[in-house]
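Two complexes are shown next, each including chain A; its partner changes from chain B in the first to chain C in the second.
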Partner chain A sequence: MVRLSASSRAIGHAVTATLCCLILIPMALVALTAFKSQPEVYSALPWPQQPTLENFRRLFAVSFDVYLWNSFATTILRVAGQVLIAVLAAYAFARFEFRFRNALFALVLGALMIPHSLTMIPIYIMVVELGWFDSWAALIIPNLAFPFGVFLLRQHMMQFPKPLIDAARADGASHWKILWRIIVPNMGPAIAGLVIVAFIECWNEYFWPLLVTDSDKMRTIQIGIRRFLDSEGVDSFGPLMAGVTLASLPALLVFFVLQKRVMDTFVSSGIR
Partner chain B sequence: MTALAQGDLAGLGSLAPRRQRFEAAPYLYLAPLILLLGIFTFWPLLHTAYLSVTSWNLNPGVPVRYVGIANYEDVIDSDLFSAALWNTVVTILVSIPLKVLLPIPFAVFIWSMGSRGEIYRTVLFLPTMISFVAVSVAWLWILSPLGGYLDLVLSSVGIKLPPLLTRAETALGTIIGISTWKIFGFHVLLFLAGLTRIPHRLIDAMRIDGASDGVILRRLIWPMLGPTTLFVLISTVIFTMQQVFTPIDMLTKGGPSNATTNLFYVTYQYTFMNFSVGQGAAATVLLFVFLMIVALVKFRLFDRFVHYR
Partner chain C sequence: MAAITITCLSKTFGAVKAVDAIDLTILDGEFVAILGPSGCGKSTTLFMLSGIETPTGGRVLFDGDDVTAMEAKDRSIGLVFQSYALYPHMTVRENIAFPLDMLKIPKTLRAERVARAAGIVQIGELLDRRPHQLSGGQQQRVALARVLVKEPRLLLLDEPLSNLDASLRHAMRSEIRRLQRRLGLTTVLVTHDQIEATTMADRIVIMNRGRIEQVGTADELYRHPANLFVAGFIGSPAMNLVTLKPAHGEIRVGAAAASLQDRSLASVTVGLRPEHLRFAAEGLPGRIALVEPMGREVLYEIETEIGVLRLLDPVHQIRHREGENVSIAVSPDNLLAFETEEGRSLPLTVHASGPEVAKSLVRSESLP
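Entry: the complex of A and B
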């Protein structure tokens, strides 16, 4: 570890603390404004003098309950599918010798580097032709492949102690049994980290649901906020801040419960 | 598609005399993933290339017409696309000092604190958790010249907040600022992760040899951060186009007068605002070329840094 001199430490604290304030103050302002009454939104006083739930009530009057349900349900289904498919593929890459293994793995790594922006037009056309437009299927199915998950789980499965697997094989256990009874139960932390990253990515997504949903019945919370901004205009800052608070809450809760794991997996998903 | 082709080839392979018995199991485990990647990642890449030489308006009743390279000519000649290219390049050039280099001193400082830096790490990570929609709406409110929070505070001391997002001169800078707010802390954490991989005994050895902190920073820490720096650089380039879609679409729609559009947003504008699928696809292919150039630069640079990995 490098030990800095007292003066550079002081400067470091001052600058870093300022940066933290720049992050925390806007977040606090938003959360506090969510509980302000309509006239108070236009006061420079940061906190509400008579806290009220009026802003949240206005949101739920325009089907934010449906948006929340769509977000939760499609996120859970999609993440479950993503992780299941990634577990199966990772097992094949980690535990089998077969032709084209390296070529197929290169394909997965290649997919990791292809951003959504390059594939959106044909997928959109496909979704429309399949009749999936404005449905949960459109939100879930095109996004079920999760190359980063395959990559991470393969890494963990290759480090899995071989004697355990050999012993199970000797007892006549099938691959299917080994995967679900021995490997997966022992990969709790890795899978949990993956679930969290996938959950947050999906929950926060804007571009794809914007493209393939259209009706109030199918909108997710992020798109709901955008529609509210469009329809009510910028003079509804109170309810908008309530919407922002509501949309941010699940991810922040997950973060505060599982801080270290969330940060580690996010950082490793960044360094792919 | 791909999975089918690979499956057939695998079947042929098993006919050849081989020591190993053909096993279907790995292909079955892989089938869902490969099918999905084939249908929703690789096939669309090819389909985009095809669409880029056709003319179509997204209407199923209208036939697709082959037009050759006309779309490319239209796109490259248009003011919209040159604005997008220019804005992308400007954003990347501004982002390198702001989002790639500036996080490094913060990371080194927090790293030097050891486990006591935990609180800083936690706070810096928070914007990563919040959706870009939430971040955009929050800043829209704070920066609004009509009853926005900053306006309320400033007007009490007699300053008028200019309309940052609706002026061509300030809009792009404001979008860059908002995206910096969202990503800065995450980049600090990436550099922190890079720093923790530096072996302590190297630092101790240098110190025993009488090296000062300054020398250790210059000669050991900075070069060891090479790969992380490069990685952050590349992901910043992609982030600059891909993620920034959200604030652009929410706050400026690419305007005013194309001041904030970028190479990704422009493909959306062509396809879903002008309903010109061919031009959108042509712009996508050009974006692909741009990203390939970035990737090539990355590999070239990696060769120079590779001995630090």
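Entry: the complex of A and C
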């Protein structure tokens, strides 16, 4: 630990406090506005004088529940798939000797650097040709490979104590058993970190679902919220804020549930 | 239980020859210790027996069957690591049951076998703890129970006692030994502690730089070291090694003399164990350079005309002060000779075990 002088600590606290406020104040305004009645929305008072759930009622009147379900289900399936594939790929890269292993791993790292927007159109065309347009498959499958996850888990597996693995081999465990019974149960923090990153990325995704879904029953929450911005004019601010509030809850929840473990992960792998 | 034969076994890591074409036979039910300095290839040899490391040359036979290419999980071995390698996320019970689970032993039989293995090493009351809630000695027992539970053909121990304190190490030494005898388990113990090797093993394999220097019982290694390396490695304090010029094929230390078979040698290295040297009325003259009380015994460093010799005196009082002139005697039966260059042991014939030597020994011992 580096010991800081009192003055630099004070400055540090001031800076972080300011930054926190800059982020928290708009979030608070959004959340508070969600509970305001319609006439109050434009009032100067930041908090509602007569808190109401009216905005949420209006939200669910326009198939918000469908968006919510689509978002939840596709996010959970996609994150589960991403973690599963990352665990398997990471194990192979960390523990197997095979030809072109390093070249292949370099490719995985290379994939980390390619901007999403560059690959979106070709993948879109493939999705359409596969007949997946406007389906969950389009939302889930093209994103299952998760280079960052492979990278993160491989680093952790490389550092996994070799005696534990050797003991398991001597105890009669196969690769499959070693992975799921010995390594994965001891990689909680790394996997928790990965789940947060993957969950937030997927939950907040906007452009890809917009591209590959069309019908109202396939839309996700981030797109659903937009409806209140585009169409219905002035009085839709309340429901919009209610939608934003609801939409940010799951990501926050996931983060708070797993955050203690995640901090360990990023600290120990040096990616802070 | 299994008899083990290894022939021409080698392992290279890049340019490093960790194990260099070793041959060894271990009998069914035998307890063999592999002893050697750090980095000599002990663990690598053990890991090749276990199947954790694949040899780069040679073969491993269990009961005559070639298992060189067999995977660790199929060899039916029990391996205990220096770090114990208990699975941190499992309770003691789950740790011990893990090998049974891998063997697909039905759940109903597992509990009984876990209880039996835990009973053998007396950890029955710890079964619901996790490894981090155990002391070093308890972890070590759990590690033992985990390998005993599947009734392995071969027990492999890689410095299992090195993390324990002295008294616990002592207790565990005899405990493991008793267990091994009772179960008749073929056992290979890797250690760099010669006390551990000599007290526990039937036979000791001395390794150095990837090669086997000598195989024998503790007594054989002590009395007839095959070469200078073994001579210097076995025994504590280490053997005195001095270079002498034989006269007409005869070497002489004080009054003790012995003849070499090869009368043409210009120079030999003579080995004198500190515990075989005695203060005497007559003998090799010398001057005390250093006195080191060791509790029960006293170690003296004495400058003589053939070099500095260490003498371990069984009398615990300090009998001689630094700077004092003394005479040293040794029984000619205790002389060892080695080729100075090659280090191989040379046979000696003892003659003229001068009666005055024996007399002076008696006299010195009868001192208070």
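By our rule, the second predicted complex is superposed on the first by the 233 of 272 C-alpha atoms of A that agree within 3 Å, B and C clash if a C-alpha of one lies under 4 Å from a C-alpha of the other, contacts with A are read in each partner's own complex, and residues count from 1 in each chain.
Everything below uses one rule, namely that a residue touches a chain if its C-beta (ideal position, glycine included) is under 8 Å from a C-beta of that chain, and two chains touch if they have at least 3 such contacts.
Here the structure is a predicted model, which is why all the values come from computation and not from measurement.
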TODO: Quick one: classify A:Y67 as touching chain B (first), chain C (second), both or neither.
DONE: neither
- [ ] Give one of first, second, both or neither to describe whether A:W208 is in contact with chain B, with chain C, with both, or with none.
- [x] neither
Task: Per-residue touch tally on chain A - higher for chain B or for chain C - done: B
- [ ] Using the touch definition from the top, say if A:F56 reaches chain B (first), chain C (second), both or neither.
- [x] neither
TODO: Applying the touch criterion given at the start, work out whether A:F199 contacts chain B, chain C, both or neither, answering first, second, both or neither.
DONE: neither
- [ ] Go through the superposed model and pick first if A:F148 touches only chain B, second if only chain C, both, or neither.
- [x] neither
- [ ] Tell me which partner A:P163 touches in the superposition: chain B (first), chain C (second), both or neither.
- [x] second
TODO: Using the superposition on chain A described above, determine whether A:V108 touches chain B (first), chain C (second), both, or neither.
DONE: first
TODO: Figure out whether A:Y91 sits in contact with chain B (first) or chain C (second), or with both, or with neither.
DONE: first
- [ ] Enumerate the contact residues on chain A facing chain B in the complex.
- [x] 1-5, 9, 12, 15-16, 19-20, 22-24, 26-27, 29-30, 33, 41-44, 85-86, 88-89, 91-93, 96-101, 103-104, 107-108, 111, 113-126, 128-129, 142-145, 147, 150, 175, 200, 203-207, 210-211, 222, 225-226, 229, 234-235, 237, 240-241, 243-244, 247-248, 251-252, 254-255, 259, 262-263, 266-268, 270-271
- [ ] Over in the complex, which chain C residues touch chain A? Could you list them?
- [x] 47, 50-52, 71-74, 77-79, 81-83, 85, 87-89, 98-99, 102-103, 146-147, 150, 156
TODO: Within their complex, state which residues of chain A touch chain C.
DONE: 161, 163-164, 166-174, 177, 181-182, 185-186
- [ ] Mind listing the chain B positions that touch chain A in their complex?
- [x] 2, 6, 9-10, 13, 20, 23, 25-27, 29-30, 32-34, 36-37, 39-45, 47-48, 51, 58, 60, 106, 108-112, 114, 120-134, 137-142, 144, 146-149, 152-153, 156, 181, 184-186, 189-190, 193, 200, 203, 213, 216-217, 221, 228, 231, 235, 238, 241-242, 245-246, 249-250, 264, 267-268, 271-272, 277, 280-281, 284, 287-288, 291, 295
